Amino acid sequence: MNINKKLSKILPSVTAEAHCDVPCGIYDPTPAKIAAKTVQRMVMQIKELKPGNHDHDISADLEYTNAIARRITTKEKHAQECKNELAILWSDYFKPEHLEKYPDLHSIFWNALKLCSKNKQNIDEDASKELVIAVDNIAKIFYETKGDNERFESYKNVTDKLF
Amino acid sequence: MNINKKLSKILPSVTAEAHCDVPCGIYDPTPAKIAAKTVQRMVMQIKELKPGNHDHDISADLEYTNAIARRITTKEKHAQECKNELAILWSDYFKPEHLEKYPDLHSIFWNALKLCSKNKQNIDEDASKELVIAVDNIAKIFYETKGDNERFESYKNVTDKLF
Amino acid sequence: MNINKKLSKILPSVTAEAHCDVPCGIYDPTPAKIAAKTVQRMVMQIKELKPGNHDHDISADLEYTNAIARRITTKEKHAQECKNELAILWSDYFKPEHLEKYPDLHSIFWNALKLCSKNKQNIDEDASKELVIAVDNIAKIFYETKGDNERFESYKNVTDKLF
Amino acid sequence: MNINKKLSKILPSVTAEAHCDVPCGIYDPTPAKIAAKTVQRMVMQIKELKPGNHDHDISADLEYTNAIARRITTKEKHAQECKNELAILWSDYFKPEHLEKYPDLHSIFWNALKLCSKNKQNIDEDASKELVIAVDNIAKIFYETKGDNERFESYKNVTDKLF
Amino acid sequence: MNINKKLSKILPSVTAEAHCDVPCGIYDPTPAKIAAKTVQRMVMQIKELKPGNHDHDISADLEYTNAIARRITTKEKHAQECKNELAILWSDYFKPEHLEKYPDLHSIFWNALKLCSKNKQNIDEDASKELVIAVDNIAKIFYETKGDNERFESYKNVTDKLF
Amino acid sequence: MNINKKLSKILPSVTAEAHCDVPCGIYDPTPAKIAAKTVQRMVMQIKELKPGNHDHDISADLEYTNAIARRITTKEKHAQECKNELAILWSDYFKPEHLEKYPDLHSIFWNALKLCSKNKQNIDEDASKELVIAVDNIAKIFYETKGDNERFESYKNVTDKLF
């Protein structure tokens, strides 16, 4: 053990640098928006898919079931992804100094997360539109804290045209 | 069974509409770019973290090990995410008509996927830059097929400033 | 289509019952506590593992590296699990009426989630103890809203003795 | 290489301590019980959801489909989680000395795992009750091996009141 | 810092050996084939499950829905697994020298991946058979590049009899 | 509600067919063997990677750390995959009639699962060989219950040559 001690005198110790308490510093609301738009798209497609008017046919029934089931699953998955992405922004990106400037920050995120759940539980075009708007509002705040409003416009340009 | 048959005369059958062979039609290279930039950031952070020059200290060693190990895992995860996102664009978004216009499409994607693996296997700033460029090249082609070059500029504006 | 209309007169429509906007109504802080205790245990084990005092031996080095790397990964995973479990309680279980009674609810959760991140980024016994206490505080509020303080005692009895 | 050899004389080698062959020593049947109760709850909710008696309405049909599909998926997921948690207890926690004291240990777990599968394959209230009982039986054995029967009572108190 | 420098003169540096740019060198088409056969089996089972001819019974309806929903999910999951396994073979195993010998390699994989998607989007026995054949064709090429045609026969013997 | 009742007289009910209590009937030990061989390969590669004998170089250190960390993670992942695959065979494929013929079935699987854990916790060539043998023994029993010993030979031919 005294060998260890002696070695510790000459061996370099290491220090993690200060900025490393941020794992990467890469945050962006675009993935949350893509997820919200996918939820909206799924609701639209589920509503559009409809019974045909030819004779009853079990194969067509199964195709319809397959089509609806896959869209319900995709809606669920992306509503969850939206929830995850927003929760990361809330807990990891936003700091006490942001809260001072945006005192409603907590309830804005709380309501947005509850909207994600609402979109899981229902097939509701209005709720999916509200979710898209909620993500855009959060994105606006996010880019304001970055002092980069032009990037918000770019974000809108990329994510509003997804389908 | 003849009851089934009778019912099939009056019950509506269903038809999945044509556009539904595309599950959602939502494709965008932004998540691949965010993943590539995260790989690049991890390589930079791994290189920046360095041994301090004070006395040997097992706690500082462990903090360094924790910091490096987490960044290697994050690099791995996002290189894989980049790989997945690019593979989806290649197999699901791009169609034979795009291949006619971009005859090198297959090798462009093949090389980009191999770059993802290279970034997993190494801690190499040049390889991480090459990956970012490879994703941008694919994004350029993607937005060209959408006939929306302005959106490419927006994509660049959003994703070049991530850190 | 008028066949559809006629059928809609005789076919039963369906209504989801009111309580179904809660997917299951099953919420409990025990999994968050198990995750927090696992983080604490990992920090303790990482600190306990130490260099031996016999001759340099590459096999022993690799065993040490394997042991540390696995505990860092397990710490990361359970800190994330704790984060997920708490985020679900915050966004899904707690309702506006709870917020009225516990006006600090949002910041209690925000700080607990930030503690999860701190435990990912460091190997810090104090931070791991703080996380366990933070989860217990949330559990106390949770069981109070259920009007079941005795269950809080049971929760403590189950989760305080995990190792 | 002879430099390496010389260094190996003065550099400390490391030894993983004995208790580390247990990754963490944290085992508890509570998560298996929560999973089993969730399966039971899903079966109950699926049975309760029923066709309304107003006019045929495609929107209500879709809401019903969404509600049922999500509960089937949740049932599946938690039956699998129950399976995983039980398999971990069986293979990792229980040791040959326990097997001596509980010679039926293997078949107790085998039957419990088969019950998880049965609950995936069916929507059966009796099977879901049997699963809850099977987990409780395993929990009883578990706390007996810990010599802590009071903790079994606490476990019951926490997990019997989940909904 | 000059202590570091001095130490760097006597401390061994490390070099990863050449073959390590291949993470493991373990590639095999068997998992892709198992996945493809599972897709085929699911399509067969979905088609076989059918309405009974006794009186209308909500419990039997729910069992049917559960059975179909689980098979659609399993089909989806294994079509995705097949996609993943094939994408790994394409991007990681195959090298430029293979491409020279098999100039259609890229389109063979592209079409196989598109077949995976087709099997997700439909319940189509022919499409599932085509997927099995596509995987076998890729397996044939794979074992040829290994110079081991006998192993292809063994692969066929193992994977053709899965159900 | 009496409309429902009337409809239930004319609407077909459904019955899941008997063989559907087996979700797919597709079981095979090949994926468990591939996982076991990957564990073995990782142990070999970890042992082979070694410090070079040129001057101390932080970049080479990091490459070594990256190479080792990735192999430890891969070893962990595939030991877990092996565990999962074996647990599925044990709980889902094997039936009471097999247990009669192979009365040691439970302990064979128990020991094999414990070997998976041992391979996670150590970097031990002997333990990895034992795991490969344990999987082969299970495979032998599996193909015997299928009455297809020739397929066991094919399985051996495919899986013994993976690297």
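We call the chains A, B, C, D, E and F, going by the order they appear; numbering starts again at 1 in every chain.
Here is the rule we use: a residue touches a chain if its C-beta (ideal position, glycine included) is under 8 Å from a C-beta of that chain, and two chains touch if they have at least 3 such contacts.
These numbers come from a predicted model, not from an experiment.
Shared contact partners of chain A and chain E, listed by label, are B, D.
Chain centres were defined as the mean of their Cα atoms; on that basis the chain farthest from chain D turns out to be B. Over half of the residue numbers found at the chain B and chain E interface occur in both copies, marking it as a same-residue contact.
Looking at C-F and D-F, the interface holding more C-beta pairs in contact is that of D-F.
If each chain is reduced to the centroid of its CA atoms, chain C and chain E end up 34 Å from each other. Annotation: 16 Å between the Cα-based centres of chain A and chain B. Rounded to whole angstrom units, the spacing between the C-alpha centres of chain A and chain D is 29. The multi-chain contact residues of chain E, meaning those touching 2 or more other chains, are 3-4, 7, 10-12, 20, 23, 50-51, 53, 63, 66-67, 69-70, 73, 120-121.
Every pair of chains meeting the contact definition is listed here: A-B, A-C, A-D, A-E, B-C, B-E, B-F, C-D, C-F, D-E, D-F, E-F. By the touch criterion stated above, chain D contacts chain E in their complex at residues 3-4, 7, 46-47, 50, 68-69, 72-73, 76, 120-123. For chain F in complex with chain D, the residues that touch the partner chain are 1, 3-4, 20-21, 23, 51, 53, 83, 87, 90-92, 106-107, 110, 113-114, 116-118, 120-122.
Of all residues in chain B, only 7-17, 20, 23-26, 28, 30-31, 34, 37-38, 41-42, 45, 48-57, 60-61, 63-64, 66-67, 70-71, 74, 148, 150-151, 153-155, 157-159, 161-163 touch chain A in the complex they form. Taken in their complex, chain F has these residues touching chain B: 10-12, 58-59, 62-63, 65-67, 69-70, 73.
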